[in-house]
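Take a look at the structures listed below.
Paired with subunit B in one complex and with subunit C in the other, subunit A is shared by the two complexes that follow.
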Partner chain A sequence: MTDQKLKEILHRYSVPEIDPAHLRQTIQLAQKELNRARIYGKITFWELLAGQIRYISPYIWIAQAALLVLVFSLLPHLSRIGDAQQTAMAVLSTSSPLLALVAVPELGKSLHYQMWEMEMACRFNLQKLILLRLILFGVADLIVITTLLLFSSTHSPVSLIHLGMYILVPFTMANSLYLFILRKVRGKAATAAALSAGIFLSLGFALLSRFSDAYAVTTLTGWFLLFFLSAWILTREISTLFTYFSEGEQLIWIRS
Partner chain B sequence: MELTMDRLTKMYGSKVAVDRLTATLHKGVYGLVGANGSGKTTLMRMICDILKPTSGVIAYNGTDIHRLGEDYRDLLGYLPQHFGYYPDFSAYDFLMYMAALKGLPQSKAKQKSLELLELVGLTGEKGKKINSFSGGMRQRLGIAQAMLNDPKILILDEPTAGLDPKERVRFRNLISSFGTERIVILSTHIVSDVEYIADEILIMRKGTLLDHGPVNHITAHIHGAVWECEVSESEAAQLNDRYTISHLKHLGSGVNLRIVSESKPCESALPTSPTLEDLYLHYFKEESHRDR
Partner chain C sequence: MWRRLDDNQLIKKIHQGNADALERLIQKYYPEIYRFCYRKTGNPHIAADLTQEVFLRLVKSLDNYIHEGKFKSYLFTIALNLCHDYFRKQPPGMQRLDDFEVPAAENQITRIEQSYVVKEALSRLPDIQKDVVILRFYHDLTLPDIADIIGANLSTTKSRLKQGLEKLKKFFREEDFC
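This part shows the complex of A and B:
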């Protein structure tokens, strides 16, 4: 085939002139398709976690800070006027159920405000949201507990391990109880029930540590056993809670 | 795009809420119609992966939705029948919060939230707390959150509840436009809400799918069973006791009745074209008599 013949063939299929209106329309359609298509990336669970901090009620952080301030001001004062060991036991064991209690309204808010159904149908569903909230409160509680421990160790002759047990055993027990209540109590009464349980638990530990020999006579091994037992119960309770938050039936029941 | 339900069953103890329901849905608007307690909400919750079926399978493009998990929920937009909001949220905060749960990056979330606030006519109220909103405004906000992730499957449970007539018309037009590119399932017991916008009607009773198809197709099933007549007040009262009346209008000279009945209800009755409302009354005779 000669070049001339080739040219002739190519001329037969020459590209038509572009109509500006058609060009505009093509661009518009492409833009529309671009907006419609999911070309944007999705955020990861950890990005969601970072973003959710702003949606946690500021009252949670205020309440935790207030509890710290209360312990900071009470512990040195009470240690001076009474038995330092008993004071440390009482103050720490009383405050830890209250520390755990602070997060309860936030954990139960999806059910309380009837957001659970919408949240369950999202990419990061209610189960993940609860996990996320537990991580956030867990980290915050860890910081508060560490601060409490370090502070009380400077004002008490009791060893750091003992002090740790005085905080952690009531803390894990209280958490198990609150999670159980969140699962079992219907409707908005759950938060009120958890509040009442927290106050009673706190008073109970206060009385036990102040007026009973139970704390003093319990050996460190005994405390460790208590801690592992309560931690095991708490782990089970968290696991049950996750199963529970993945089952719509349970949530429909609890909302009814 | 295909959503299939194969012998879908949901039981609460011994009570059957959805009974071996089988259907295949493609792009378009589906009106799910049924009396209270017919299983509409349970079905929608199963489609949204909120409730697990007792037996049967829901599949999206051939894959079980449980296996798809997060990827399936990514395609989903859901407006529940009863929903709340966190009291400290403004309309914009609410959409941003829901957008985060739907996995949208912040810049996209901002853009979509503003776009949807505009679409549902709440731009002026974006900074206002939701607890100051009327029922209709909250409902519109609920619809906006369902659309945040450009869902391929949009499930709306009684979305017109609480909307005034003007808002209902606006909403119907909105849904109609959504249906061109996605599967929209809209449950209601107000048949006029779906009569003109649904490509297909699904009628549920006692957990089963009683009938389905385009409006003109399913209303044809009761062709010859809808009558119109003009009778005296006393005769109207008698007919009202014996038949299902879909429409009653007092005129100066008597009463104009529209009756749903297999047999001719009175001498002056003339057959007329059935509507979806007539069909609903035909299927839900018992419920409408019980409600009287």
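This part shows the complex of A and C:
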């Protein structure tokens, strides 16, 4: 049997006529989709990020600035009265969970007000929005942490690396805890729980740094290990949170 | 006016938001994509739905579309992926020949039977061979274009075609079908 003959045989398998109504519907739907894309246009990542800033409450930036001012005013004063190293540890370790706490109410909004459906019907999906917000808060926190470190180093005999660890370890631990609470606790209680946890964590670090010798004499290697451990936990928590949002999206899609 | 424009010019117009150019492009390729989806699924309704999805996906992905090969190959790649997704989502044992539908225009028993036998022959091929045979014999695509669509190299594509044709010839000989 030749290929030509085979081709002739294969063409005996005919296809039903096209439904003109379905063709028209396809054209209409595609044109609708095109118009939608045209309204939105294509925007860069930076435009996307800048666009999100206006949706974040200004109180967040005010609270972060207030925290900075508080540390700026307390640190020089406390350093004069007590041991400079312990004071630096106490102030930085106490302020870093509070710094992370500032963003919690904003992150919790989607859960508190059941905004999933609304956000999913919008231009970007929930995961993308949360990621953008996390990036924005992360950048803001980074600026505040750098400012705190530079300021603390001028008022403390402790090395910059040590100071960095005193602030980064509690900061990453606090962030992991807040994200865990936001994921586990439903409704408005999530923010309340995270706020309470943040205050307790902050007080805990303050007490620990003030009274525990072990905390004060922990070597730099020990601090690095703690930092990598807490950073690993935070990374896992962010990943779990995104899976959780993804499952939430699917759940709502199935329900609708 | 639209008939004079080639695919790249139409896509350029669509990029500028021209809905008429999109209509022209859909009208041009709808029949071919529909026939492909029908031969893959064997069901006119599913084929129509998948064809619609192909064009919606096309519009959504136009922003990222970079012209490297033939536009037609790009469309067939979307169609092939959607057909594979469709079969993946089907429960085992619920695929292909279960819902054979007679083409509306056919009213001669022999033609219907022949159509059925060819469909049966194609359904016996593994997907990787069936895709190549359909694209080569029903859509007259070249082997390099088919290789591009299925994401395989040229020698693999040739080998799949050869194996598929041998199986089909054997089947038709056994059925005494000529």
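Please note the rule applied: the second predicted complex is superposed on the first by the 203 of 256 C-alpha atoms of A that agree within 3 Å, B and C clash if a C-alpha of one lies under 4 Å from a C-alpha of the other, contacts with A are read in each partner's own complex, and residues count from 1 in each chain.
Operating definition for what follows: a residue touches a chain if its C-beta (ideal position, glycine included) is under 8 Å from a C-beta of that chain, and two chains touch if they have at least 3 such contacts.
Note that the structure is a prediction, hence the values are computed from the model and not measured.
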First, second, both or neither for A:55, with subunit B first and subunit C second: first
Touched partner set for A:129, first subunit B, second subunit C, both or neither: first
Which of subunit B and subunit C A:5 touches, first, second, both or neither: second
Subunit B versus subunit C as contact partner of A:109, first or second or both or neither: first
Common interface residues of subunit A - those touching subunit B in one complex and subunit C in the other: 38, 42
Of all residues in subunit A, those that touch subunit B in their complex: 36, 38, 40-43, 48, 51-52, 55, 57, 109, 113-115, 117-125, 129, 247-249, 252
Subunit A contact footprint on subunit C (complex, rising order): 14, 17, 19, 22-23, 26-27, 30-31, 34-35, 38-39, 44, 48, 51-52, 55-56, 58-60, 62-63, 101, 103-106, 111, 114-115, 118-119, 122, 133, 137-138, 165, 168-169, 172-173, 177-178
Footprint of subunit C on subunit A - complex, ascending: 1, 3, 5-7, 9-19, 22-23, 25-27, 29-31, 33-35, 37-38, 42
Interfacial residue positions of subunit B with respect to subunit A in the complex: 12, 45, 48-52, 70, 73-74, 76, 78-80, 82-88, 97-98, 100-106, 108, 142, 145, 149-150, 155, 181
